[in-house]
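Below, subunit A partners subunit B and then partners subunit C, in two separate complexes.
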Partner chain A sequence: MSSPSNTVVTLPEKVRRGEVFEIRALVRHEMETGFRHTEQGVRVSRDIIREFTCTYNGEEVFRAMLHPGISANPLFIFYCRAVKSGDLEFRWMGDNNYQTILKHSIVVL
Partner chain B sequence: MKRNVGAAFVTGLYLAAGAMGAPLDKRQSAYHLMSSENQRMQDDLSINPAMFWLLDGQALWMGQGDARSKACFSCHGDVKTSMQGVSAGFPKVVHGRILTLEGQINHCRVEHQNLPAFEYETRPLLSLTSLIATQSRGMQIKMSESREAMPFIERGRFLYHQRIGQLNLSCAQCHDDRAGQRLGGVSIPQGHPTGYPIYRIEWQTLGSLQRRLRNCMTGVRAERYDFGSEELQMLEVYLMHRANGMRVESPGVRP
Partner chain C sequence: MAPWPAVWARPDDAAQAISKIVGSRPVQYGRIHIELAPLVENGNSVTAKFSAQSPMTAADYVRAMFVISEGNPLAEVVSFHFSPLSGRAQVTTRIRLAESQRIWVIAEMSDGSLWRAHADTVVTLSACTEMI
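So, the complex of A and B:
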(Lines of atoms letter the chains of each structure in order from A and count residues from 1; the text may use other names and numbers.)
(Lines give C-alpha, C1' and ligand atoms only; values in the text may rest on other atoms or scores of the structure.)
Protein backbone atom coordinates (compact mmCIF):
# COMPACT_ATOMS: atom_id res chain seq x y z
CA MET A 1 0.00 0.00 0.00
CA SER A 2 1.15 3.50 -0.73
CA SER A 3 0.39 7.10 0.02
CA PRO A 4 -1.03 9.58 -0.98
CA SER A 5 -4.18 8.45 0.75
CA ASN A 6 -6.34 8.93 -2.32
CA THR A 7 -4.73 5.93 -3.99
CA VAL A 8 -4.19 2.35 -2.90
CA VAL A 9 -1.72 0.54 -5.12
CA THR A 10 -0.79 -3.02 -4.27
CA LEU A 11 2.07 -4.93 -5.88
CA PRO A 12 4.78 -7.24 -4.60
CA GLU A 13 7.94 -5.60 -3.28
CA LYS A 14 10.21 -8.22 -4.81
CA VAL A 15 9.68 -10.31 -7.95
CA ARG A 16 11.87 -12.81 -9.79
CA ARG A 17 13.09 -11.77 -13.22
CA GLY A 18 10.73 -12.95 -15.92
CA GLU A 19 7.89 -13.51 -13.48
CA VAL A 20 4.43 -12.06 -14.17
CA PHE A 21 3.10 -10.08 -11.21
CA GLU A 22 -0.25 -8.52 -10.39
CA ILE A 23 -0.79 -4.79 -9.92
CA ARG A 24 -3.89 -3.38 -8.28
CA ALA A 25 -4.54 0.32 -8.54
CA LEU A 26 -7.51 1.79 -6.70
CA VAL A 27 -8.09 5.54 -6.77
CA ARG A 28 -10.50 7.73 -4.89
CA HIS A 29 -12.65 9.68 -7.32
CA GLU A 30 -16.36 10.55 -7.45
CA MET A 31 -16.62 9.96 -11.23
CA GLU A 32 -19.49 12.42 -11.59
CA THR A 33 -21.16 11.43 -14.84
CA GLY A 34 -22.45 14.81 -15.98
CA PHE A 35 -25.90 13.29 -16.52
CA ARG A 36 -27.24 13.94 -13.04
CA HIS A 37 -29.23 16.90 -11.79
CA THR A 38 -29.58 18.44 -8.35
CA GLU A 39 -32.95 18.57 -6.61
CA GLN A 40 -33.28 22.09 -8.03
CA GLY A 41 -32.87 20.75 -11.55
CA VAL A 42 -29.38 22.12 -12.11
CA ARG A 43 -27.15 19.80 -14.08
CA VAL A 44 -24.07 18.58 -12.23
CA SER A 45 -21.15 19.04 -14.57
CA ARG A 46 -19.05 16.08 -15.52
CA ASP A 47 -16.01 15.36 -13.41
CA ILE A 48 -14.36 12.07 -14.24
CA ILE A 49 -10.93 10.55 -14.66
CA ARG A 50 -10.25 10.34 -18.40
CA GLU A 51 -7.04 8.42 -18.52
CA PHE A 52 -4.98 6.06 -16.44
CA THR A 53 -1.47 5.02 -17.37
CA CYS A 54 1.24 2.93 -15.83
CA THR A 55 4.86 3.14 -16.88
CA TYR A 56 7.63 0.76 -15.88
CA ASN A 57 11.06 2.40 -15.96
CA GLY A 58 9.63 4.99 -18.34
CA GLU A 59 8.05 2.49 -20.69
CA GLU A 60 4.27 2.44 -20.88
CA VAL A 61 2.88 -0.92 -19.83
CA PHE A 62 -0.79 -0.13 -19.31
CA ARG A 63 -3.21 2.53 -20.49
CA ALA A 64 -6.95 2.91 -20.06
CA MET A 65 -9.44 5.51 -21.25
CA LEU A 66 -12.29 6.09 -18.82
CA HIS A 67 -15.85 7.13 -19.62
CA PRO A 68 -18.82 8.45 -17.63
CA GLY A 69 -20.26 4.96 -17.20
CA ILE A 70 -17.39 3.86 -14.98
CA SER A 71 -18.06 3.66 -11.25
CA ALA A 72 -16.71 5.90 -8.54
CA ASN A 73 -13.33 4.88 -7.09
CA PRO A 74 -12.25 2.93 -10.18
CA LEU A 75 -10.08 -0.12 -9.69
CA PHE A 76 -7.68 -1.55 -12.24
CA ILE A 77 -6.08 -4.96 -11.84
CA PHE A 78 -3.51 -5.83 -14.48
CA TYR A 79 -0.34 -7.83 -14.95
CA CYS A 80 3.22 -7.02 -15.87
CA ARG A 81 6.36 -9.04 -16.48
CA ALA A 82 9.34 -8.28 -14.23
CA VAL A 83 12.30 -7.09 -16.31
CA LYS A 84 14.58 -5.19 -13.96
CA SER A 85 14.47 -3.25 -10.71
CA GLY A 86 13.18 0.28 -10.93
CA ASP A 87 10.10 2.44 -10.68
CA LEU A 88 6.52 1.98 -11.66
CA GLU A 89 4.69 5.24 -12.15
CA PHE A 90 0.92 5.44 -11.97
CA ARG A 91 -0.84 8.47 -13.37
CA TRP A 92 -4.53 9.32 -13.28
CA MET A 93 -5.67 12.32 -15.32
CA GLY A 94 -9.12 13.81 -15.70
CA ASP A 95 -11.52 16.70 -15.90
CA ASN A 96 -10.81 19.97 -14.09
CA ASN A 97 -7.06 19.42 -14.42
CA TYR A 98 -7.23 16.42 -12.14
CA GLN A 99 -3.94 14.63 -11.86
CA THR A 100 -2.59 12.14 -9.36
CA ILE A 101 0.80 10.57 -9.76
CA LEU A 102 2.18 7.78 -7.64
CA LYS A 103 5.59 6.17 -7.85
CA HIS A 104 6.30 2.72 -6.56
CA SER A 105 9.65 1.00 -6.64
CA ILE A 106 10.09 -2.68 -7.36
CA VAL A 107 13.03 -4.97 -6.78
CA VAL A 108 13.65 -7.65 -9.40
CA LEU A 109 15.77 -10.55 -8.19
CA MET B 1 -1.77 -5.79 4.61
CA LYS B 2 -3.83 -8.61 6.05
CA ARG B 3 -5.30 -10.99 3.54
CA ASN B 4 -8.04 -13.53 3.81
CA VAL B 5 -9.54 -11.78 6.77
CA GLY B 6 -12.92 -12.60 5.36
CA ALA B 7 -12.28 -16.29 4.89
CA ALA B 8 -13.55 -16.80 8.41
CA PHE B 9 -16.97 -15.48 7.40
CA VAL B 10 -17.45 -18.10 4.77
CA THR B 11 -16.97 -21.02 7.07
CA GLY B 12 -17.87 -19.27 10.31
CA LEU B 13 -20.61 -20.87 12.35
CA TYR B 14 -22.96 -18.33 13.78
CA LEU B 15 -23.47 -19.31 17.36
CA ALA B 16 -25.46 -17.14 19.66
CA ALA B 17 -27.44 -17.19 22.80
CA GLY B 18 -30.78 -15.50 23.15
CA ALA B 19 -30.96 -14.07 19.66
CA MET B 20 -34.25 -13.12 18.04
CA GLY B 21 -35.80 -13.25 14.59
CA ALA B 22 -34.94 -16.07 12.23
CA PRO B 23 -33.91 -19.35 13.87
CA LEU B 24 -30.24 -19.38 14.82
CA ASP B 25 -28.96 -21.85 12.27
CA LYS B 26 -30.79 -20.08 9.48
CA ARG B 27 -29.36 -16.66 10.07
CA GLN B 28 -27.22 -15.55 7.18
CA SER B 29 -25.30 -12.44 6.33
CA ALA B 30 -26.16 -10.89 2.97
CA TYR B 31 -22.48 -11.47 2.21
CA HIS B 32 -23.51 -14.93 1.07
CA LEU B 33 -25.97 -13.50 -1.46
CA MET B 34 -23.26 -11.52 -3.25
CA SER B 35 -21.27 -12.47 -6.32
CA SER B 36 -17.81 -13.89 -5.68
CA GLU B 37 -16.31 -10.68 -7.12
CA ASN B 38 -18.14 -8.55 -4.58
CA GLN B 39 -17.21 -10.94 -1.79
CA ARG B 40 -13.60 -10.61 -2.79
CA MET B 41 -13.92 -6.84 -2.81
CA GLN B 42 -15.10 -6.96 0.79
CA ASP B 43 -12.55 -9.49 1.99
CA ASP B 44 -9.48 -7.98 0.41
CA LEU B 45 -8.83 -4.54 1.82
CA SER B 46 -6.44 -3.71 -1.03
CA ILE B 47 -9.44 -3.53 -3.37
CA ASN B 48 -12.14 -2.58 -0.86
CA PRO B 49 -13.01 1.07 -1.60
CA ALA B 50 -13.80 1.60 2.10
CA MET B 51 -10.02 1.65 2.47
CA PHE B 52 -10.06 5.38 1.67
CA TRP B 53 -12.32 6.05 4.62
CA LEU B 54 -10.11 3.89 6.82
CA LEU B 55 -7.06 5.90 5.79
CA ASP B 56 -8.91 9.15 6.52
CA GLY B 57 -10.10 7.72 9.81
CA GLN B 58 -6.56 6.77 10.78
CA ALA B 59 -5.37 10.31 9.99
CA LEU B 60 -8.18 11.77 12.10
CA TRP B 61 -7.40 9.33 14.89
CA MET B 62 -3.81 10.57 14.95
CA GLY B 63 -5.02 14.16 15.06
CA GLN B 64 -4.17 15.23 11.55
CA GLY B 65 -6.46 17.90 10.24
CA ASP B 66 -7.44 19.40 13.57
CA ALA B 67 -4.72 21.00 15.63
CA ARG B 68 -7.20 22.72 17.94
CA SER B 69 -7.42 19.80 20.31
CA LYS B 70 -5.84 16.56 21.42
CA ALA B 71 -6.20 13.56 19.17
CA CYS B 72 -8.14 10.35 19.78
CA PHE B 73 -4.71 8.74 19.95
CA SER B 74 -3.61 10.78 22.97
CA CYS B 75 -6.26 9.13 25.19
CA HIS B 76 -6.92 5.80 23.46
CA GLY B 77 -3.50 5.00 21.98
CA ASP B 78 -3.26 2.65 19.03
CA VAL B 79 -6.69 2.12 17.51
CA LYS B 80 -5.81 -1.48 16.64
CA THR B 81 -5.58 -2.46 20.28
CA SER B 82 -7.80 -0.01 22.12
CA MET B 83 -10.79 -0.31 19.78
CA GLN B 84 -10.61 -4.05 19.26
CA GLY B 85 -14.07 -5.53 19.71
CA VAL B 86 -15.59 -2.20 20.70
CA SER B 87 -18.08 -1.81 17.86
CA ALA B 88 -19.39 -5.36 18.42
CA GLY B 89 -21.16 -4.05 21.52
CA PHE B 90 -22.69 -0.91 20.02
CA PRO B 91 -25.26 0.67 20.21
CA LYS B 92 -25.30 0.72 24.01
CA VAL B 93 -27.83 2.03 26.45
CA VAL B 94 -26.21 4.49 28.80
CA HIS B 95 -28.08 6.51 31.45
CA GLY B 96 -31.42 5.59 29.93
CA ARG B 97 -30.48 6.66 26.40
CA ILE B 98 -29.21 4.88 23.33
CA LEU B 99 -25.61 5.57 22.50
CA THR B 100 -24.67 4.63 18.95
CA LEU B 101 -21.07 4.35 17.81
CA GLU B 102 -21.51 7.64 15.98
CA GLY B 103 -22.98 9.12 19.15
CA GLN B 104 -20.01 7.90 21.17
CA ILE B 105 -17.56 9.47 18.71
CA ASN B 106 -19.41 12.77 18.90
CA HIS B 107 -19.59 12.51 22.68
CA CYS B 108 -15.79 12.26 22.74
CA ARG B 109 -15.52 15.16 20.30
CA VAL B 110 -17.65 17.47 22.41
CA GLU B 111 -16.76 16.38 25.95
CA HIS B 112 -13.09 15.49 25.68
CA GLN B 113 -11.82 17.27 22.59
CA ASN B 114 -13.88 20.46 22.88
CA LEU B 115 -14.67 20.23 19.19
CA PRO B 116 -18.05 20.54 17.48
CA ALA B 117 -19.91 17.29 16.84
CA PHE B 118 -19.78 15.83 13.33
CA GLU B 119 -22.96 15.89 11.26
CA TYR B 120 -24.46 12.53 10.33
CA GLU B 121 -23.21 10.91 7.10
CA THR B 122 -20.30 13.31 6.78
CA ARG B 123 -16.99 12.00 5.59
CA PRO B 124 -15.08 12.42 8.89
CA LEU B 125 -17.78 10.74 10.96
CA LEU B 126 -18.04 7.83 8.52
CA SER B 127 -14.25 7.57 8.45
CA LEU B 128 -13.87 7.32 12.21
CA THR B 129 -16.87 4.99 12.55
CA SER B 130 -15.51 2.68 9.93
CA LEU B 131 -11.99 2.76 11.38
CA ILE B 132 -13.36 1.74 14.79
CA ALA B 133 -15.80 -0.83 13.38
CA THR B 134 -13.02 -2.47 11.38
CA GLN B 135 -11.12 -3.26 14.58
CA SER B 136 -13.91 -5.75 15.39
CA ARG B 137 -13.76 -7.47 12.01
CA GLY B 138 -14.38 -11.19 12.42
CA MET B 139 -15.56 -10.85 16.03
CA GLN B 140 -19.00 -11.82 17.25
CA ILE B 141 -21.63 -9.17 17.80
CA LYS B 142 -22.21 -8.98 21.53
CA MET B 143 -25.16 -6.84 22.45
CA SER B 144 -26.11 -6.25 26.04
CA GLU B 145 -29.39 -7.73 27.28
CA SER B 146 -29.34 -5.73 30.49
CA ARG B 147 -32.52 -4.59 32.17
CA GLU B 148 -31.67 -1.11 30.96
CA ALA B 149 -31.28 -2.16 27.33
CA MET B 150 -34.30 -4.47 26.96
CA PRO B 151 -37.04 -1.78 26.75
CA PHE B 152 -35.19 -0.20 23.81
CA ILE B 153 -34.75 -3.52 22.08
CA GLU B 154 -38.47 -4.20 22.54
CA ARG B 155 -39.42 -0.81 21.14
CA GLY B 156 -37.11 -1.44 18.21
CA ARG B 157 -38.79 -4.79 17.68
CA PHE B 158 -42.16 -3.04 17.66
CA LEU B 159 -40.96 -0.58 14.99
CA TYR B 160 -39.52 -3.45 12.97
CA HIS B 161 -42.94 -5.12 12.89
CA GLN B 162 -44.93 -1.93 12.33
CA ARG B 163 -46.44 -1.45 8.87
CA ILE B 164 -45.40 1.86 7.38
CA GLY B 165 -45.72 3.90 4.20
CA GLN B 166 -48.00 3.86 1.19
CA LEU B 167 -47.01 0.25 0.52
CA ASN B 168 -48.03 -0.54 4.10
CA LEU B 169 -45.15 -2.90 4.74
CA SER B 170 -43.14 -3.61 7.87
CA CYS B 171 -39.45 -4.48 7.89
CA ALA B 172 -40.38 -7.96 9.08
CA GLN B 173 -42.64 -8.70 6.13
CA CYS B 174 -39.67 -8.58 3.78
CA HIS B 175 -36.67 -9.39 5.93
CA ASP B 176 -38.21 -12.14 8.12
CA ASP B 177 -41.17 -13.50 6.17
CA ARG B 178 -39.78 -13.20 2.64
CA ALA B 179 -36.02 -13.29 3.14
CA GLY B 180 -34.39 -15.40 0.48
CA GLN B 181 -37.17 -14.70 -2.02
CA ARG B 182 -36.73 -12.15 -4.75
CA LEU B 183 -37.72 -8.53 -5.10
CA GLY B 184 -37.27 -7.62 -8.73
CA GLY B 185 -33.83 -8.85 -9.67
CA VAL B 186 -32.36 -9.12 -6.19
CA SER B 187 -32.54 -11.55 -3.31
CA ILE B 188 -34.16 -10.18 -0.18
CA PRO B 189 -31.58 -10.36 2.61
CA GLN B 190 -32.38 -11.13 6.23
CA GLY B 191 -31.25 -7.65 7.12
CA HIS B 192 -28.47 -8.27 9.60
CA PRO B 193 -26.35 -5.15 10.12
CA THR B 194 -23.05 -7.00 10.28
CA GLY B 195 -20.92 -4.89 7.95
CA TYR B 196 -21.69 -1.25 8.68
CA PRO B 197 -20.63 1.27 7.66
CA ILE B 198 -20.83 -0.37 4.23
CA TYR B 199 -19.48 0.60 0.85
CA ARG B 200 -22.62 0.23 -1.22
CA ILE B 201 -21.97 0.00 -4.92
CA GLU B 202 -25.41 1.45 -5.65
CA TRP B 203 -24.49 4.52 -3.58
CA GLN B 204 -20.96 4.64 -5.00
CA THR B 205 -19.87 5.58 -1.51
CA LEU B 206 -19.74 4.56 2.12
CA GLY B 207 -22.87 4.86 4.23
CA SER B 208 -24.18 4.19 7.72
CA LEU B 209 -26.83 1.75 8.88
CA GLN B 210 -29.21 4.65 9.37
CA ARG B 211 -28.78 5.67 5.76
CA ARG B 212 -29.63 2.11 4.76
CA LEU B 213 -32.71 2.08 6.99
CA ARG B 214 -33.90 5.37 5.50
CA ASN B 215 -33.35 3.80 2.09
CA CYS B 216 -35.89 1.07 2.86
CA MET B 217 -38.32 3.68 4.18
CA THR B 218 -38.16 5.46 0.84
CA GLY B 219 -38.71 2.06 -0.78
CA VAL B 220 -42.02 1.51 1.02
CA ARG B 221 -42.92 5.18 0.46
CA ALA B 222 -42.92 6.09 4.12
CA GLU B 223 -41.83 9.33 5.70
CA ARG B 224 -38.25 8.75 6.73
CA TYR B 225 -37.11 9.13 10.31
CA ASP B 226 -34.39 11.74 10.68
CA PHE B 227 -30.74 10.78 11.03
CA GLY B 228 -29.98 10.32 14.70
CA SER B 229 -33.68 10.08 15.62
CA GLU B 230 -34.75 7.87 18.51
CA GLU B 231 -36.69 5.60 16.15
CA LEU B 232 -33.69 4.85 13.94
CA GLN B 233 -31.55 4.31 17.02
CA MET B 234 -34.07 1.83 18.43
CA LEU B 235 -34.17 -0.01 15.13
CA GLU B 236 -30.37 -0.13 15.19
CA VAL B 237 -30.39 -1.58 18.71
CA TYR B 238 -33.01 -4.17 17.78
CA LEU B 239 -31.27 -5.22 14.58
CA MET B 240 -27.88 -5.56 16.26
CA HIS B 241 -29.48 -7.60 19.03
CA ARG B 242 -31.19 -9.75 16.40
CA ALA B 243 -27.73 -10.37 14.89
CA ASN B 244 -26.18 -11.24 18.25
CA GLY B 245 -23.35 -13.71 17.80
CA MET B 246 -22.94 -13.10 14.08
CA ARG B 247 -19.55 -11.92 12.85
CA VAL B 248 -18.71 -8.28 12.26
CA GLU B 249 -17.76 -7.76 8.60
CA SER B 250 -16.93 -4.05 8.63
CA PRO B 251 -16.03 -2.53 6.29
CA GLY B 252 -18.68 -4.42 4.34
CA VAL B 253 -19.32 -4.18 0.61
CA ARG B 254 -22.84 -4.57 -0.75
CA PRO B 255 -24.26 -4.22 -4.24
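So, the complex of A and C:
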Protein backbone atom coordinates (compact mmCIF):
# COMPACT_ATOMS: atom_id res chain seq x y z
CA MET A 1 0.00 0.00 0.00
CA SER A 2 2.17 2.84 -1.15
CA SER A 3 0.55 4.00 -4.33
CA PRO A 4 0.04 7.77 -4.41
CA SER A 5 -3.16 7.11 -6.36
CA ASN A 6 -4.73 6.76 -2.92
CA THR A 7 -4.14 10.43 -2.26
CA VAL A 8 -5.33 13.78 -3.48
CA VAL A 9 -3.35 16.87 -2.57
CA THR A 10 -4.48 20.27 -3.75
CA LEU A 11 -2.26 23.35 -3.65
CA PRO A 12 -1.48 26.27 -5.94
CA GLU A 13 1.24 25.74 -8.57
CA LYS A 14 2.64 29.24 -8.15
CA VAL A 15 2.65 31.51 -5.12
CA ARG A 16 4.26 34.81 -4.19
CA ARG A 17 7.10 34.85 -1.71
CA GLY A 18 5.77 35.35 1.80
CA GLU A 19 2.25 34.38 0.86
CA VAL A 20 0.43 31.91 3.12
CA PHE A 21 -1.34 29.35 0.95
CA GLU A 22 -3.80 26.56 1.62
CA ILE A 23 -3.05 22.85 1.18
CA ARG A 24 -5.73 20.15 1.13
CA ALA A 25 -4.51 16.62 1.70
CA LEU A 26 -6.86 13.68 1.40
CA VAL A 27 -5.98 10.00 1.61
CA ARG A 28 -8.20 7.01 1.00
CA HIS A 29 -8.16 4.86 4.14
CA GLU A 30 -10.74 2.92 6.17
CA MET A 31 -9.49 4.16 9.56
CA GLU A 32 -10.75 1.02 11.31
CA THR A 33 -11.14 2.18 14.89
CA GLY A 34 -10.44 -1.03 16.79
CA PHE A 35 -13.61 -0.41 18.80
CA ARG A 36 -16.00 -2.25 16.51
CA HIS A 37 -17.18 -5.83 16.84
CA THR A 38 -18.50 -8.35 14.36
CA GLU A 39 -21.91 -9.92 14.96
CA GLN A 40 -20.05 -12.82 16.60
CA GLY A 41 -18.63 -10.40 19.13
CA VAL A 42 -15.08 -10.48 17.82
CA ARG A 43 -13.29 -7.17 18.03
CA VAL A 44 -12.04 -5.85 14.68
CA SER A 45 -8.42 -4.88 15.16
CA ARG A 46 -7.32 -1.31 14.70
CA ASP A 47 -5.97 -0.22 11.34
CA ILE A 48 -5.50 3.53 11.16
CA ILE A 49 -3.12 6.15 9.85
CA ARG A 50 -1.12 7.38 12.83
CA GLU A 51 0.85 10.23 11.40
CA PHE A 52 0.67 12.71 8.55
CA THR A 53 3.53 15.08 7.84
CA CYS A 54 4.17 17.81 5.31
CA THR A 55 7.73 19.00 4.74
CA TYR A 56 8.91 21.88 2.56
CA ASN A 57 12.44 21.50 1.20
CA GLY A 58 13.02 19.07 4.06
CA GLU A 59 11.67 21.31 6.82
CA GLU A 60 8.53 20.34 8.69
CA VAL A 61 5.54 22.56 7.96
CA PHE A 62 2.75 20.61 9.59
CA ARG A 63 2.27 17.28 11.33
CA ALA A 64 -0.85 15.56 12.60
CA MET A 65 -0.88 12.62 15.01
CA LEU A 66 -4.07 10.65 14.41
CA HIS A 67 -6.19 8.50 16.71
CA PRO A 68 -9.28 6.45 15.80
CA GLY A 69 -11.37 9.59 16.29
CA ILE A 70 -10.39 10.78 12.81
CA SER A 71 -12.94 9.82 10.15
CA ALA A 72 -12.33 7.41 7.28
CA ASN A 73 -10.45 9.00 4.36
CA PRO A 74 -8.60 11.52 6.54
CA LEU A 75 -8.66 15.08 5.27
CA PHE A 76 -6.43 17.90 6.47
CA ILE A 77 -6.70 21.44 5.23
CA PHE A 78 -3.76 23.44 6.54
CA TYR A 79 -1.43 26.29 5.57
CA CYS A 80 2.12 26.93 4.45
CA ARG A 81 4.20 30.07 4.02
CA ALA A 82 5.91 30.39 0.63
CA VAL A 83 9.66 30.79 1.12
CA LYS A 84 11.33 29.60 -2.08
CA SER A 85 10.68 27.28 -4.99
CA GLY A 86 11.14 23.64 -4.17
CA ASP A 87 9.44 20.47 -3.11
CA LEU A 88 6.64 19.73 -0.72
CA GLU A 89 6.53 16.17 0.53
CA PHE A 90 3.46 14.58 2.07
CA ARG A 91 3.78 11.38 4.06
CA TRP A 92 1.11 9.23 5.67
CA MET A 93 2.18 6.44 8.05
CA GLY A 94 0.06 3.97 9.94
CA ASP A 95 -0.73 0.54 11.32
CA ASN A 96 0.38 -2.56 9.41
CA ASN A 97 3.37 -0.69 7.95
CA TYR A 98 1.15 1.64 5.98
CA GLN A 99 3.12 4.33 4.20
CA THR A 100 2.28 6.63 1.32
CA ILE A 101 4.47 9.45 0.09
CA LEU A 102 3.53 12.14 -2.41
CA LYS A 103 5.78 14.91 -3.71
CA HIS A 104 4.67 18.15 -5.22
CA SER A 105 6.86 20.93 -6.55
CA ILE A 106 5.99 24.56 -6.02
CA VAL A 107 7.15 27.70 -7.80
CA VAL A 108 7.63 30.80 -5.64
CA LEU A 109 7.62 34.08 -7.55
CA MET B 1 -25.61 -3.28 19.94
CA ALA B 2 -22.19 -4.27 21.16
CA PRO B 3 -21.46 -3.39 24.78
CA TRP B 4 -19.48 -0.23 25.33
CA PRO B 5 -15.79 -0.93 25.65
CA ALA B 6 -14.33 -0.62 29.11
CA VAL B 7 -12.03 2.11 27.86
CA TRP B 8 -14.92 4.43 26.91
CA ALA B 9 -13.83 7.98 27.62
CA ARG B 10 -15.67 9.99 30.24
CA PRO B 11 -15.11 13.60 31.22
CA ASP B 12 -12.59 12.19 33.72
CA ASP B 13 -10.62 10.58 30.90
CA ALA B 14 -10.66 13.81 28.96
CA ALA B 15 -9.38 15.63 32.05
CA GLN B 16 -6.65 13.01 32.39
CA ALA B 17 -5.66 13.36 28.73
CA ILE B 18 -5.50 17.13 29.18
CA SER B 19 -3.40 16.88 32.31
CA LYS B 20 -1.01 14.58 30.45
CA ILE B 21 -0.43 17.43 28.01
CA VAL B 22 -0.32 20.38 30.39
CA GLY B 23 1.13 18.80 33.54
CA SER B 24 1.02 21.33 36.35
CA ARG B 25 1.35 24.38 34.08
CA PRO B 26 -1.42 27.01 34.08
CA VAL B 27 -3.89 27.02 31.17
CA GLN B 28 -5.67 30.19 30.10
CA TYR B 29 -8.99 30.48 28.30
CA GLY B 30 -8.89 32.05 24.86
CA ARG B 31 -6.91 32.51 21.62
CA ILE B 32 -8.48 29.32 20.18
CA HIS B 33 -11.44 29.15 17.86
CA ILE B 34 -13.39 25.93 17.24
CA GLU B 35 -15.85 25.64 14.39
CA LEU B 36 -18.06 22.63 15.05
CA ALA B 37 -21.75 22.31 14.22
CA PRO B 38 -23.89 22.44 17.40
CA LEU B 39 -26.14 19.72 15.97
CA VAL B 40 -24.67 16.80 14.01
CA GLU B 41 -26.75 14.21 12.21
CA ASN B 42 -24.02 11.65 11.51
CA GLY B 43 -21.16 11.25 13.96
CA ASN B 44 -19.07 9.23 11.52
CA SER B 45 -17.75 12.29 9.76
CA VAL B 46 -18.03 15.71 11.31
CA THR B 47 -16.14 18.58 9.73
CA ALA B 48 -14.38 20.71 12.32
CA LYS B 49 -12.09 23.70 12.02
CA PHE B 50 -9.55 24.52 14.71
CA SER B 51 -7.50 27.69 14.81
CA ALA B 52 -5.38 29.69 17.22
CA GLN B 53 -4.44 33.36 17.09
CA SER B 54 -0.74 33.83 16.51
CA PRO B 55 1.58 35.84 14.25
CA MET B 56 3.31 32.52 13.36
CA THR B 57 6.80 34.02 13.25
CA ALA B 58 10.00 32.29 14.33
CA ALA B 59 9.78 34.16 17.64
CA ASP B 60 6.09 33.59 18.32
CA TYR B 61 4.13 30.69 16.90
CA VAL B 62 1.72 27.95 17.89
CA ARG B 63 3.70 24.80 18.59
CA ALA B 64 0.76 22.40 18.83
CA MET B 65 -2.98 21.98 19.21
CA PHE B 66 -4.51 18.94 20.87
CA VAL B 67 -8.12 17.86 20.30
CA ILE B 68 -9.70 15.96 23.20
CA SER B 69 -13.11 14.28 23.36
CA GLU B 70 -15.30 13.71 26.42
CA GLY B 71 -17.53 11.11 24.79
CA ASN B 72 -15.49 8.96 22.40
CA PRO B 73 -13.99 5.55 23.23
CA LEU B 74 -10.62 7.32 23.33
CA ALA B 75 -10.20 10.83 24.71
CA GLU B 76 -7.40 11.77 22.31
CA VAL B 77 -8.74 12.57 18.84
CA VAL B 78 -5.85 14.21 17.01
CA SER B 79 -2.97 16.59 17.58
CA PHE B 80 -1.57 19.17 15.18
CA HIS B 81 2.04 20.34 15.22
CA PHE B 82 3.01 23.58 13.56
CA SER B 83 6.15 25.52 12.73
CA PRO B 84 6.75 29.14 11.68
CA LEU B 85 6.54 27.76 8.11
CA SER B 86 2.87 26.95 8.73
CA GLY B 87 2.03 30.62 8.34
CA ARG B 88 -1.33 30.14 9.97
CA ALA B 89 -2.37 27.91 12.87
CA GLN B 90 -5.57 26.63 11.34
CA VAL B 91 -6.63 23.10 10.42
CA THR B 92 -9.84 21.69 9.03
CA THR B 93 -10.44 17.95 9.40
CA ARG B 94 -13.22 15.41 9.84
CA ILE B 95 -13.69 13.72 13.19
CA ARG B 96 -15.82 10.93 14.64
CA LEU B 97 -18.22 11.64 17.48
CA ALA B 98 -19.59 8.65 19.37
CA GLU B 99 -22.25 10.67 21.17
CA SER B 100 -23.32 14.17 22.12
CA GLN B 101 -20.39 15.67 23.93
CA ARG B 102 -17.90 18.43 24.62
CA ILE B 103 -14.73 18.76 22.55
CA TRP B 104 -11.68 20.42 24.11
CA VAL B 105 -8.75 22.01 22.34
CA ILE B 106 -5.47 22.78 24.09
CA ALA B 107 -2.92 24.96 22.32
CA GLU B 108 0.73 25.23 23.26
CA MET B 109 2.57 28.35 22.11
CA SER B 110 6.28 28.66 21.38
CA ASP B 111 6.71 30.65 24.62
CA GLY B 112 5.33 27.64 26.50
CA SER B 113 2.01 29.25 27.38
CA LEU B 114 -1.09 27.04 27.22
CA TRP B 115 -4.57 27.97 26.07
CA ARG B 116 -7.86 26.12 25.96
CA ALA B 117 -11.32 26.29 24.46
CA HIS B 118 -14.26 23.94 24.14
CA ALA B 119 -17.30 23.33 21.94
CA ASP B 120 -20.45 21.33 22.65
CA THR B 121 -22.28 19.31 20.06
CA VAL B 122 -25.37 17.13 19.91
CA VAL B 123 -25.07 13.96 17.81
CA THR B 124 -28.13 12.09 16.58
CA LEU B 125 -26.35 9.12 14.94
CA SER B 126 -23.21 8.03 16.73
CA ALA B 127 -19.96 6.64 15.34
CA CYS B 128 -17.28 4.12 16.27
CA THR B 129 -18.94 1.10 17.80
CA GLU B 130 -21.55 -0.23 15.41
CA MET B 131 -21.34 -3.89 14.43
CA ILE B 132 -20.13 -4.80 10.99
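Simple rule for what comes next: the second predicted complex is superposed on the first by the 106 of 109 C-alpha atoms of A that agree within 3 Å, B and C clash if a C-alpha of one lies under 4 Å from a C-alpha of the other, contacts with A are read in each partner's own complex, and residues count from 1 in each chain.
In this text, contacts are C-beta pairs under 8 Å (C-beta built on N, C-alpha and C of every residue); 3 or more make two chains touch, one makes a residue touch a chain.
Note that the structure is a prediction, hence the values are computed from the model and not measured.
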>> Going by the contact rule set out at the top, does A:77 touch subunit B (first), subunit C (second), both, or neither?
In response: both
> Given the touch rule stated above, what does A:42 touch, subunit B (first), subunit C (second), both, or neither?
Replying inline: neither
>> So in the superposed three-chain picture, is A:109 touching just subunit B, just subunit C, both, or none of them (first/second/both/neither)?
In response: neither
>> Going by the contact rule set out at the top, does A:28 touch subunit B (first), subunit C (second), both, or neither?
In response: first
>> Let me test your reading of the model: by the given contact rule, A:60 touches which partner, first (subunit B), second (subunit C), both or neither?
In response: second
> Can A:8 be said to touch subunit B (first), subunit C (second), both, or neither?
Replying inline: first
> Counting residues of subunit A in contact, which comes out ahead: subunit B or subunit C?
Replying inline: C
> Taking the contacts subunit A makes with subunit B in one complex and with subunit C in the other, which residues are shared?
Replying inline: 71-73, 75, 77
> subunit B touches which residues of subunit A in the complex?
Replying inline: 1, 5-6, 8, 10, 24, 26, 28, 30-31, 71-73, 75, 77
>> With touch defined as at the start, can you tell me which subunit A residues reach subunit C in the complex?
In response: 20-21, 33, 35-39, 41, 44, 56, 59-81, 83
>> Can you tell me which positions in subunit B touch subunit A when the two form their complex?
In response: 1, 46-47, 49, 51-52, 55-56, 59, 201, 204-205
> Given the complex with subunit A, which residues does subunit C contribute to the contact?
Replying inline: 2, 5, 44-46, 56, 67, 69, 72-74, 76-88, 90-96, 127-132
